[in-house]
Each structure stands twice: as C-alpha cells, then as structure tokens.
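Once you've had a glance at the structure underneath, I'll fire off some questions.
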C-alpha cells in the first residue's frame, strides 16, 4: 500500500486522450441522427407573439421547427429543465425560444438563420441594485406555479441557509431570497476596534469556459427506453430531472455520462431537455451541440455580485466584527442562488466575535445563474481578503501573521453556528510563509509586488456506492456512476488497489450508465473522492473478503491468516504459501466453480465535512503606463488531506489557481445597458492563455480528514477561491492603489493609477 | 452541390463528398470519422481542431475542405503508427499534460509543429506557440513541461 | 458554425483568378484566416470563393532598393525572411511574430490582411510607417497604390472588387535606419488595443498607429486631435494614452536599432 498511495501516476485515461481515441459526447455515430440548432432570443425581456416558420421549413433538409408547445413537457415550472424553450415570456437575451431540426447540421443552421420570431418587448431589468428597489419592474411577470422545479442546489454542496428573513426591509419582488446570519453586538464590536475598514466590491458574470461546448444526443430505443448520451456532471440527477420534466418513469430513462470535456459546475441538465424534447416530439434521434457563441449566450455562468463589506480588528490583529451585505445576481434562476453560500464564506476560515451577514438573491434579465467552481467563494474571498490586507496595512502587521492569528482550528464555531471539523488553515498559512517568495516581497523592483490571500471550501456530501469486480485475469474493474470531472477515476484506482492489494496498473475504472451503475451523486462540490472514495474502499474490502474466503479453502489457511500483497494472496509470515489473485479468481469464475465471484459492493454516507483551505502568493508587475498586469510567479499551498496521486492533486491546484487568475485579470461577461451580451465569444471574453500565466508552485499540505478515504479530502474547488484576492492584493501593493472591481483589466488599472 | 475532394489523410488517400462551404474539420469528423479533431469554438480561437497540413499546424475549422485537396493532413489519430505513442503523446501521458483531454489533440499537434522546427524551445517559446490553444483545466504547466521534455530529449 | 452556401473554384493562374473574380459577390481566398471566420459568422456570404492560395505570389525578395513581398507570403514566412530581421525592416518580422497564433501564422497572408482592412490589425501600421506600396492587377491592367491610399475605413479599401494585390513593395530605408513595432493587445482577440510602428532613419522618422481609429494612420502631432475609437472595454481616453505609449516605445526601439545599424 505504501507504494500505491501518494505516488504520481499518469491518469488512467491519458493514453486514449492523447491519441484521439476518446469518444466525447459529440463524437458517437448514431443511425438516422437529426441535428438541432437552437434559436436564441434577441430580446432580454419580451413576450413571444409568434413565429414565422415558412422560410425555415422551405430549406431542404429541415425536418421541423419546434417551439415550447411542441415539446412533450409535463411541468409548468420556469426552471431551465421544465422550460427548455421559452413558453411565452423571454427572460434573457440568449434564452432558447425554438429548435430547428434537420437532417444535417448545415441545413439546421441555414433554417435557424431564417426563422422569424415576433417579440413584444418588455422592460428589461438589468441593474441588480435598482432591481431590488420597491416598485422596480419585475424581471419575470409570469409566476412559477410549479414549486418542485429547479432542485439543482443540492448537487452543488452543502451550505446552510442561515436564519429567517429580516421582515423590516422593503424590497421588490425581484428579491427571491434573503439570508441573514447575526450573532453578537456588531456595532459595539466595531466601536471597540482599533481599525475598521469597509468597501464595496463588484464582480462580473463569469463563464465556466469548459472547452467542450454543451452537447447531448437523445434517442428512443424500440423498447421505448429513452437513451440520453450527454456531457454531464451527473447521470442520476439528469435522469431525475428529465423524468420529472417529461413525466417519464425513472426506468424508462437511461442516461449515459460520456467523457467530460470540462464542466466546472456548468453541465447540469441544460441541453438535455432540448435534445430529449425534440427526440420525443419527432421520434427520431436528435443531437444538439451548442456552438461556442450559443454556449456563451444560453447557458448558466457564475453570478455577478455586489458586496458591501466592513471588518475590524484590534491593534494586536485580533479580528472583531464583520458586516456584509451581499447582492447576488441570479439572472432568471428562481430555483436557487449562492447568496447563502457567499454570505457564509465571506467570513473565511477565521474567528469573529460578532457578525451580521446578509445575502440577497435577485432576479434580473441576464442569463440563468449556475454553478462555477466553488460557487460564491471567489467573490467572497476577494472582498474579505482585500480588506484583511487593508487591516494589516493600517495596523502595520504582517498579512500572513494577521491571518494566522485568527485562523480557525477544529472546534471553533463558525458563522454557520457549527464547529469547524478538522481544518488545515494554520498549517497552510505556515507553509506558505516559508516560501522564499514571501521573504523576497520587500526587495522587488518598482512596479512589482507580492500579494497573498487565503480561501476555503467546505466540501459536500451525498450517499454513494461502488462496485469492485475481479475478472479471471486477476484485474479489477471498479464500477461507479461518477462522471470523471477531475481525474477521480484515477484516484479510485489507487484507492481500490490499496484497499484490495493489487498493483494499481491492474485496476480499471468504468463509468456505467443509470441503467446499471451503483448510485452516486453528481460530480460537484468537491465531494466525489470524499464520498465515493470510501464506497470504493468498502467495495474493494468486500471483494477481498470473497477472495480470502476462496483462497483460505485452496490454501487451507484461515482467512485471518492471509494477506493480499501486489496481487498475491499469501500466508502472513509464510509468503511461500501463496496463490495469485488471478489463480483464485479463475477458480471462482468458471462452470462448476465452488467459490463466489470475487466481487464487492460498498456504500458510504458521510456525515462530517472536510473543508479544504488553500492560500496563495502572487507576484505581479504593473505597467504604470498601460495598466497591464503580469503575473510573474504564483504559489499555492493547499491542505488536501492526503494526496492520493500528487500529480493529479497538483493539476487541480494549478488549474484552480489559473482560473482564479482569470477571475482577477481577464474574465467578464459584459452586457450593454439593454441587457444584450457584448462578450459572447472567445474573441471578446478572455480566459488565461499559456502566454499570460506563469508557472504555479504547488505546496501540498496534508492534514488528514478523519473520515476521508485514506485521509483524502475533496480538493477541486478550494484552489480557485483565494487566487483572485491574492492577485488583487499584489496589484494593490504594486500600483499603490486598490481596485475594488474584477477583472482588473488594463483600462481599469490605468484609470485607478490616474485617480 | 457536393464535389469530391481527395486528401492524403494520415498517409492514406481519402476521397469524400463535400460542399463548397464544408470546413476541413467537418470533413474529417463527419466524412472520415476522425473525431479526434474537436470543435471548441466558432471564432478560430480555441485550437481544439488543430491538425497538421503539410506538416504545419492549422485550425481545421478555418480551412475549407477544398483548400486541402491533394495535401497531406495529419490528425491526432495518425500522429503515431498503430498501437504506439508518438514521443510527444508519451510525454503528455508521463508529464501530466492533460486533464479533461478535449484540447489535447490540438495542443499535441501544435507542439508537433513547434518541435519540428528544431532545437529545444524555451518555456517562453513554448507558451508563445500555445497562444492559439485554450486549455481550461491544467493551467498549462503540465502541457509546457511535456513539450519541454520532448524538446530536451531531441 | 458553418458558412452560408457557396461555391469553390481554384485559380490556376492570375488571369484565371481575375476571370473567376468577375462574378459579382465572388471573393478571393488566400490563407482564409480573416475570410473564413467572417464567413462562419455569415457576415461574409460570397457566392463563389476563388482560391488564389496556390498562385505563385509568395516570397520576400530584395531588388532595386526595395523589398518585394508576395501577397501570399504567410506570417511565418515573413518571420523567417532574413532581410526582415535586419534593423531597417525589423518591424515587419517583429510585428508578424505577434500576429494571431502559430496556426494562424501558418496560413494567414500579408496580402489578405491588408485587403481585409481590419482597423485593429497590426501589419498595416508597419506598412504605413515604412511607406509601402501595393501593385494591383485587374482585367483592365496594372496600377500601383500606396498603402496609405488603400486603407480608407474599417474593412474598407479603395481596391476594386476585381483587383488583386500582386506585390507589396517596401522601400529599403537608408543605411543607419531602424524600425520597430509595439502594441498592447486585447486579451481575448489578440488584436491591438493600440499598436504602433516606427521607422527611424538618418533623414527623419515616421510613426503609424493602429487599433485606435477607423483605420490605421500615420501619426502627425501628439494624437490630441485624432479621432480615437472607444468601447466599453477600452474607452477612447485610454486608447489615446495607450497609442502615445506604444508610439513612444516603437520609436525608442526603432532608434536603438538604427544605432546598431550605423
């Protein structure tokens, strides 16, 4: 086991992926396939009067034009699964209003171009703060009558909803949710503090920018089973959502989660209802592959947010009070929002004496908000960590020491009211402090600076199960339903190998579809390794019991006196008395065999969380003439519990840090004053390129999670959280002036330098 | 109306019917079943569809199939002989040059062009050469390390 | 995205190309790196694309005090041309290196870029600063046209629809000259938010800027009177300041190169 865990290994799927052998969801051949092209609303808020379909239907190859009324939808909800095409009210520019289905992609596009939609424009709600005012126009005039709609919040991680609303505040009907968390006398705590800082922070809508656009293929088997082959983070949740939307029995829907070309929170039942609706309506296989422009305009990016934050400390650096009013632009998502998460996470992994935290989820006519890696966390950390640096400056304290002084440890009660479980905040900050870059920070050329910031992600939980099966050749197959978003399958392989006693090379991992897979939740919230991992251990252990039972009979040694090492079952203390796993398995798996198959099922239902903390150093240069910011070097330290495969862990840390640099410097989905998207392509929306990001130094910190598989935690989200703030703190030092709005584009930095 | 074009794809002469407007990437994917060329954008930015045309990296979404008539096209499927890995492919496996793998074929073929120009490119040169290949997962470091390793070994 | 329906024809020689281009709404395609993207967006919808990419109009050659660049020369071929590495014309290779990306530079051509006339494209500024001239062919015959007279507006030139560029002539600056290109790019598109090319010769200096106006232009004065384009990402005020910065940087670099060349 010692040489199984903690060793850097290539991903299991790497050989297929480097040779182009992997079939992504857009790649499979389906007989008789039709292609769908969505027609997207050009108005941000409007009523659909009707369609003129004549020219479209005249295009050779066009089979049908479908509007909402043509899809066999059961519900009346307004979530994107229940209403994949706008019924009558368009609530954002980019919302799909019709599908053109044709024999070829080209014909579908030719047809879609000719479809005429007649809109009656309504007042668009674009300014999220104005939208909250009593009497503001409403972003949606038709009420959601279907209460069960849009239950996707559960897949994105557990954050409690806080206390009841403060009923005294007068707000418009656009405010869909208010979350309040109060404890202690905040006013008194501010008054008794030595330094108080406050500011308003703004962050834009940010796009997940997975490189594989959203795609789904749906068809009906002759038996009547609906098969859905799709790029999704969760096969079971997609099955549930589709069954609900189209009122189908669960067992008539089979969802296949194909290899994911990136997702980051954005791939949940958005395009599936469109392809399924068309396939059901036309009784033919239908594929919908969004173009990139459609993906930008019609999917579900991270919310824009406005955060008013005030924090205070005593002269010795002890944090006292925090007060936040956080406005989350949900766009048209009535089902859930991140106001609960962001107003909890804004307190960071720190102790406070008093807090007053409020979150508001507000609807506007912009997009449908969705999850993006650590939903609500980077925006919260940007505000908090910026102000912590301001406190450190005012009090003349070292920024890392200030954070260390207040970092939570296990048992500290957080603003959620619950004690923190095992958490590595102190260990991570101490490790970061040792990096040479921190020591160099005061001896850099003019225009350069190092900034630091921390962030955390609480993790998430959902029951899960797995199956381990040993074949007659002595290799093991692990079966789960998990969509492999971040390399989790490669983690399962070493987990199973370690728990069973096989070399990891002899373990493969299969993602089965909903017809046959053991249950697991969607990939998201940094919960897969933490929740499915223990199920894999138990499944491997159950298979091992079968193995030992059979080997005990063959070797005439009690199972308790046997061990499994490197694919060999042997007597403890007498390794000569042994059989290979292959020998045992081949005796079980044959006609007339006397032993049960070497196979096990395992489940888990975690009840304790395992938060992960990551802290960053960012070394930047600010060009005072042009406002350009260059990240010269970036360091991330993260508590990962246990690095099952350090190569993959570092990959998550680097990828997360670079996405954080994207938040900091490049990314914004910008609308014009009327609510039309201006940055809806990679020509306008910048994500980090190889040229614009530096090497990322990774410092792996291991504070084992008591209930994690071999101590491992979920690690995918934490690395993005503090990165924007670290860059912002570096820019503030290098430029001598702080920016309160992301991204810190050259024009904005230039403007800040001038004022 | 469809015309027939003949391309030399991965060393084999392949004829297929295309329209005047057919893009090379669609000809490869839909016409020849070579789905290793991926479509990640519609504005010629992402590079997921990169193939080699006469040995040089090009975005197959920004070439008409007709323009490739009679020319040598190498896709990710043809970079190495059957069942083997090209040194660049092997380096990407060993140096963790990929995560989701969607951008990977295009990145590898861009690297093949860069490395074919000789020498052992610096990190700066590698990163400059990757400007037309977007990756959202890796933060690029594994990619750069993979390419650097091949360059250093040559 | 798929272009609107079109027909394709490959020109066998220049005359054949001109003959094909007589069709209204036809469009010449060379590297396609500007044309195909706008065809995919269906902004350009030619009835016929005339493939001129296999015509013999490529290469870089120095003769009679001029450097002649074939319009079908790709960016990567420019980067590799020895004469464009030397100080007087170094701006050309320097600019080409920053254009698009490796894949685009393998196909994109200098001639295609000039006639596409994107107001933010880099190379036209270099050609303006260097005083380059185009040689044009049409069924009516040949003519020469200064680049400064060709570029008149965004995506607009004074070329006739049936005219093709057959040569780009750059006067070889005198001994002791240097040129340079500097720009700040839009972080997504890579196009210049402001770009400037400068030529410093013993006889004088010239600077041209791109990305900040309706078309690249030769600088006269300090830009305070120039009509500067602005948008939500980069307001006019910022672009004006940026244009000054890149103009200064290009000019300093050009002067440095001129020193080396003395």
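Labels A, B and C are assigned to the chains in the order they are written; within every chain, residues are numbered from 1.
One rule holds for everything that comes next: a residue touches a chain if its C-beta (ideal position, glycine included) is under 8 Å from a C-beta of that chain, and two chains touch if they have at least 3 such contacts.
Everything numeric here is computed off the predicted structure, so don't read it as measured data.
Chain contacts here are complete: no pair of chains fails to touch. Seen from the C-alpha centroid of chain C, the farthest chain centroid is that of A. Chain A and chain B, compared by their mean Cα positions, are separated by 29 Å.
Measuring from the averaged C-alpha position of chain A to that of chain C gives a distance of 43 Å.
Multi-chain contact residues of chain B (touching two or more other chains): 19, 21, 26, 42-43, 45, 130-131, 133.
Multi-chain contact residues, meaning those touching two or more other chains, occur in chain C at positions 1-2, 4-5, 188.
Of all residues in chain A, those touching 2 or more other chains are 105-106, 291, 293, 682-683, listed in ascending order.
Residue ranges of chain C in contact with chain A, taken from their complex: 1-2, 4-5, 42, 184, 186-189, 193, 232-235, 238, 241-242, 245. Of all residues in chain A, those touching chain C in their complex are 105-106, 109-110, 113, 291, 293, 625-628, 665-666, 670, 672, 678-679, 682-686, 692, 745-747, 750-751. Residue ranges of chain B in contact with chain C, taken from their complex: 3, 19-21, 23, 26, 42-45, 47, 50, 53, 56-59, 61-64, 66-67, 69, 110, 113-114, 129-133. The touching residues of chain B, counted against chain A in their complex, run 19, 21, 26, 29-30, 33-43, 45-46, 48, 75-77, 79-80, 85, 89, 92-94, 96-105, 108, 123, 126-128, 130-131, 133-144.
Residues 8, 10-11, 13-24, 26-27, 29, 105-106, 208-213, 259-262, 264, 289, 291-293, 485-487, 647-648, 650-651, 654-659, 681-683, 687-691, 693, 695-696 of chain A are the ones touching chain B in the complex.
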